[in-house]
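Chain lettering (A, B, C, D and E) follows the sequence in which the chains are written, and residue indices restart at 1 in each chain.
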Amino acid sequence: MKQKHLVLAVLVIILSMLPVSGAMAADIYKIGGIFSVTGRASFLGDPEKKTMEMMVEQINAAGGIDGHMLEAVIYDSEGDPAKAVSAVNKLIHKDKVIAIIGPSTTPTTLAVVNFTKRAKVPLISCAAGIKITTPVDPWVFKTAQSDLLAVAAVYQQMKAAGIKKIGILTVSNAYGESGKKQLLGQAEKFGIQVVLNESFGAKDTDTTPQLAKIKAAGPDAIVCWGTNPGPAVVAKNAKQLKIDIPLYQSHGVGSPKFIELAGDAANGNILPTGKILVTSLLDDSDPQKKVLEDYQKAYQNKFSGNVSGFGGYAYDAVNLLAGALKGSSGDKGKIRDNLEATKGYVGATGEFNLTPQDHNGLSPDAFVMVEIKNGTWTLLK
Amino acid sequence: MMTDKKKYIWIEYLIFVCAVSAFGLVTENTYYLQIMTFIGINTILGLGLNMLMGYTGQVSLGHAAFYGIGAYTTAILSGTYGINPWLALVCAVAAAVLIAFIVGLPTLRLSGYYLAMGTLGFGMIVNIAIREWADVTGGASGFVGIPVLEAGSLVFMAGAGYYFLVWAIVFVAMIICRRLLASRTGRALRAIHDGEKAAVAIGINTHFLKLEIFMFSAALGAVAGFLYAHFVLFISPESFGFMFSIKIVTMVVIGGMASVWGALLGAAVLTLLPEVLHGFAEYEMIIFGLILMVVMIFMPQGLTRGIMDMIRTARRARA
Amino acid sequence: MSEQIIKTANMDDNDKAQRQLERLQATLNRACKNVPFHRNRIQEAGLSDITRLEDIEKLPFMDRTHLATHYPYGLFAVPLRDIVRIHTAPGSGASPSISGYTKTDLMIWKKMVAGAYAEANVTDRDIILVHLPSGLANWARDYKDGGEAVGASVIPNAPLSVAKTLMVLRDYKVTTLVTTPAFARHLTAHMFDRECHPNELNLKQIILVGAPDDGRTVSELRDSLHVDVWLNYGLSEIPGPAIAHECRYHDGLHINDDHILSEIIDPATDRPVPAGEKGELVLTTLSARAFPLIRFRTGDMAKFLSQACPCGAASTRIEWLAEQADNYMLISGIRVSQTQVRVNLKTALKLPSIGCTMKKSCRSGTDILLISLAMDDHLFSDEIKNLQQLIAYAEETLTEQNGIKVKIRLTQ
Amino acid sequence: MVHTVSLSVRQGELISIIGANGAGKSTLLGAVCGLLKNWSGEIEFKGRALKGMSAPAIVRQGISMVPEGRQIFSPLSVMDNLKMGAYTRFRKDGKSRVAEDLDMVIQMFPILKERANQLAGTLSGGEQQMLAIGRALMARPALLVLDEPSMGLAPKIVEMIFSTIQDLSHSGVTILLVEQNARAALKISDRGYVLETGKMVLQGSADELLVDDDVKRAYLGKDYGDFLDERNQ
Amino acid sequence: MQEIVQYLFSGITTGAVYAVIAVGLSMLYSSTELINFAHGEFVMIGALAMVTLWVRLGLPLPLAVAGAVAAGCVLGLVFERLAIRTARNPEPITLIIITVGAGIFLKGAAMIVWGKDPFSMPSFSSHESIEIFGAALLPQSIWIVTAALVLAGGIHLFLKQTLTGKAMVACAVNKKAAWLSGIPSEKMGILAFGISAGCGAVAGIFIAPITMSSYDMGTILGLKGFCAAMIGGLGSLWGAFAGGLLLGILESLGAGLISSGLKDAIAFVLLLLILYIRPGGLFAAKEAKRF
């Protein structure tokens, strides 16, 4: 009896590996998604996946694109490049998608682009790494703001606040490293001196040694570049050490979760973020306000969770793709061309103006600087 | 007796070669070829660790380090310095063997959990080194720009070409392992397997032997890393961390220790399982953990032995 | 060294069976390991493990022909260097019979004989005279050793005439006599001839060996000599006497269960007889090292006595019947196979066939085998002298072969 | 591999099982003491079948084993080691009864008294063996099973151990002793069994066995290889 | 100077976290000779259960702590019963893989129960850090160090002073002899697992306020705990405690004095050197040789 079950299980496994041979319905556009739904970067991948599912549903409910329904095939990369590669090949060769959204992180994106390029499938990444779109590859796009812009926004703010010397503290992963590179690279341009750069592990429970060291170096401000929950630990530690200089965070913590995790310690932290966090604070004249409100409402209705800026990357990616799909009749080359020609799309992240030279297409005003006060966001002008 | 056994092995090889070629020639879907390619790469890793664990009883929780060393050496040499990848392969293997020698010398004097801890620490150090030496390795963001493998006019890209390359190497690795086991070293290995004290008593320098096998498995790990790097063309430290070390150990144990086919089976199961479990989305981890536990609880000798036992009992039940 | 171990005689049936089972296992394991003959038979019987005493019934019987075919050392279960004594007897076939003893065997046997003496109230104050015919010379040694073990003064077998024996009895103040029923009768007769009163002797007990009570010998001895008479049972093939002995209640013979496993079978069907019925006694040694016998057919008829013996010992008891299984005769303690005698006789007389009857007879204190040979044409010779020579030759040959005196009488 | 083996121990007896290495002595004990599973046959103790019982259950039945190689609990003190022997009895008999026995055992082994608070691991080999025996006694066994108590000990110590065992036997404990040192074991035993390659080949009273050549051979670990020796050729 | 003190404080805090975890691991090892690679997951379960019971349900602190510890214990018992005991051939390496599998399973289950987001938890007492020699020390750190000390001390007392505890040690050092002495080693195994899992849960409860708790927090903590236990010498509770502190302080000093990026590597290099010099750990009780 037991053996029968085992044999059955083995059969199922084998069968599921066989090529699916059924003819695809002609009127469906299959688009792929690869997100870090679980694993270290699940805070990125989870909302992205949900948003993509929601958007596809919305588009289909509105009658699809040129009458074609969309079908989303989404795989979890777990933040692991090897798994992402596996997933991308599955999407390209098994599911035969016409375009791919994701992955969520820079390493996974860099790992998959080799395969999408070769297969000539347009890819819209949701990762921030600047390496993804510089140098420009014809088939690779991204919706997340580059670190370049985030750092620029931070430095702009610092310059205005008269901060000259900073200490930086970055998480030791791709995100932190990319941030560090930008922070170091752009500092001179803004007349800022980096007195010390330190790093911390994504799962570290304590960062006081680094902070104490930075404190001892006497900077005017500290920049922490990481994603939750590390920066919350940093914020808490900074408070314990009674560090009274401003603490700048990155857009990586741009979610209410950060305030929840860091508690009191979050107050006074300054960070660049997409406008999504501060939708209600935006001027009504801001073209993004309506888009963001719509997105937030829809998301909260469906998933009863708070919207984060990360879901917005997927939101924009789906919308960009939807726009490009129009009139493409499913031809990948056409989709690519259409994407490259997208102008003035106002999304959750910012206004996109894609060109053959710029596959991100965002301008620095995609970021606003916010400060956390009394456990909530306030806009800094 | 001996010739019989030899013949039997050749038949095994023949079946293996036929099956691999048939799959490669029939399957056109790159996805399946790619999965098979990963299985092949993991098999090479498993073969190396299997030799170490199965025959010398040494557990390495840092084997991903050699995988990483192989991958990064070739990436840096061929990507940054433009050296011919095949030459880089030689360097990668040499680097892995050298490091294995240096590390193994003191580490392999440890035993049991302390050895596990030692190897684990080594794996961690290598991983951190890769991440922190950003100028050379690309750091945590990963290394971009690994060239595609070429041999004359042949270009090994994802798909059938790479598939055959990897499995040819798997085949060679298998034969080398088998040869090694049949040799004097192999006999000594089996003696160690039966009891280290006994092996020492009959004059085997167990430490040197362990070191030898450690270096050998490091070399195989480096080859696997080389293949991985030139296949995915992008590498980042995350692929070579502690969890991957555990995964390799799991592959070996699940497949069955001290068995060449066990390495293959273990690699296949651990590579395929996540693919299959994708369908379970959020429940994937739970199911994966469960399968791991159940297999180990009911087939502690690994799947190779477990399945053979099952067939035997089934046959007996029918008889 | 600690005190004596508990004997099976003092155990309950369960424990006795357990003890016997253990020893049977050991015996079979050793026999199987060291003696090809036993190994083959055990393997053929398909007996891999002995878990109950009854398992022994799966094994075939041994009889005297097996002893002859494996002459000389084929049935020894220990290397010769462990053998400290080799007993030999004329045997019934062409070859002498042989059995060997290790030191331990001798010790065990000595203890067994000593036990029999003890039952017969022999103590270290007794003087024992062993008087056994030459065919039982081996037993004579055993009774000597056993007596010494008890601490008594032993006068071993000596080639004495009846008269001198009587003198020894009287003058040496012998208290215990070990002999055969035939000699005991002969001696009594001689005493009365000489008008020697039993009171002149110090004789207190007689241990009779070699033959069962024929129904009158024991009571006659008791009455005429005012002595106690004990019967001991033994086999000349299996290492010795005192396999079973009478206790003071003289109600059957106690088998030494510690060392001997006894069965009674129906000689016709080879199956065990129902409890209490008579049949052929089959013995298995349980502690013999050198020369184990497994299911050896004794040729003696006996039946098990089931009711408890008043002496309290729980050991198996048999009634030793004064008859023999078909084909066997017991003469002076030696079992004679009639078939074998016939074969031997034919060879000696060089005759293709003969007609004869055999019976036991007593001549001057010794049992002899009396063969009545029917004259026939082949045998008949013109010259009586030739015939007489032939018969004398045959008598001599058979006597030598069987270890007992053989007389041939010609009948029409 | 042990084949069918029957053996019995009567109350108050001191029984030895002897045999060369690998004769199956320890396997046999393993079955008796519940260390082994999957054997066939039956083991009865005081009329109760022991088959299928776990070792602790068997201890509760009154059989204590002193395992081979002085397996004491080295990080525990001598006293604690002894207490562990009475583990099953604390609930059943209460602390005071155990304490009485503790006294008794300590009286019996004066060396242990001196070292009561020392760690067991610091004792000498002979002392450890004494401790192991003492620990087994703490369970108030009706049957004490000793596995190779003399192994690896100096001759003088062995003598001491055996005399202790003999004293125990005289004090009424039934003892089953497994030994390679056949001579020493048989000298103090009532009866003995000889095992050879998993089979019982001899059994009998100790004095019988002591003079037996087979036993000498088993003791020496030799075999019947030279079954028919030169005398026969 | 002030920084050094700060590094030490920080190291002690982190080290105490490792120490609590290591104590649980070491305790299990000393009574079953098994290393539980799912131990970190019990830490995670303790922390997340605490989040639910204290933060979400608002139970009083002692009750919540008791509940979370109980949850850990029960899970430990169930795990021992279902997975460890049923294993047909308990070779150490198979048991290790079983515990690895259990770890993955628990992680997956926690992900479904508690979701992927991390949670924060208030400190048990004041948030204000205490200043000593100009360096800040968190009250929660004192809680953790205390917890580690109490746990190590408590378990030490339990193993050294109580009959059951001694029996447990007896089982670990010599299973056969213990079994033969009538000590029911399977019950001891269950008990050991329960206590060890409970220790894990306690660790989780106390560290949650400073580390944030999430379903994937356990792996790295378990790993560090393992290292700490190894450094101290397997089976030695005080060794585990000291090993934890040492690991924490090394990391912290490494981060402060040399390079924060390399702090783990520095710690590991030093630890490896310690292992090479003293192959049985610093406070080696006995050689751990099980596979």
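Convention: contacts are C-beta pairs under 8 Å (C-beta built on N, C-alpha and C of every residue); 3 or more make two chains touch, one makes a residue touch a chain.
Small disclaimer: the values here were computed from a predicted structure and weren't measured.
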Omitting subunit D while every other chain stays put - resulting connected groups: A, B, E | C
item: Graph separation of subunit A and subunit E (steps between touching chains); value: 1
item: Chain pair with more C-beta contacts, D-E versus C-D; value: C-D
item: Far-end chain from subunit C, centres as C-alpha averages; value: A
item: Gap in Å, rounded to a whole number, between the CA centres of subunit D and subunit C; value: 42
item: Where subunit A and subunit D are represented by their mean Cα positions, the distance between them in whole Å; value: 72
item: Subunit D and subunit E, separation of their C-alpha mean positions in angstrom; value: 42
item: Length of the line joining the C-alpha centres of subunit B and subunit C, rounded to whole Å; value: 79
item: Junction residues of subunit E, two or more chains touched; value: 111, 261, 264
item: Junction residues of subunit D - those touching two or more other chains; value: none
item: Interchain pairs in contact, sorted by label; value: A-B, A-E, B-E, C-D, D-E
item: Interface residues, subunit D side, partner subunit E - complex; value: 33-35, 54-56, 59-60, 64-65, 67, 71-76, 80-81, 83-85, 87-88, 90, 132, 135-136, 139
item: Parts of subunit A lying in touch with subunit B, wherever the complex brings them together; value: 3, 6, 13, 16-17, 19, 37-38, 75-76, 79-83, 85-87, 89-90, 92-94, 106-107, 110-111, 113-115, 118, 129, 131, 172-174, 176-178
item: List of subunit E residues in touch with subunit B within their complex; value: 35, 83, 86-98, 100-109, 111-112, 219, 223, 226-227, 230, 234, 259, 261-262, 264-265, 268-269, 271-272, 275-276, 279-281, 287-291
item: Of all residues in subunit B, those that touch subunit A in their complex; value: 27, 29-32, 34-35, 38, 131-132, 134, 139-142, 144, 157-158, 228, 232-236, 238-239, 272, 274-276, 278-279, 281-282, 284-285, 310, 314
item: In the complex, subunit B residues that touch subunit E; value: 53, 57, 59, 106-107, 109-114, 116-118, 120-122, 124-125, 128-129, 131-132, 242-243, 246, 249-250, 253-254, 257, 282-293, 296-298, 300-301
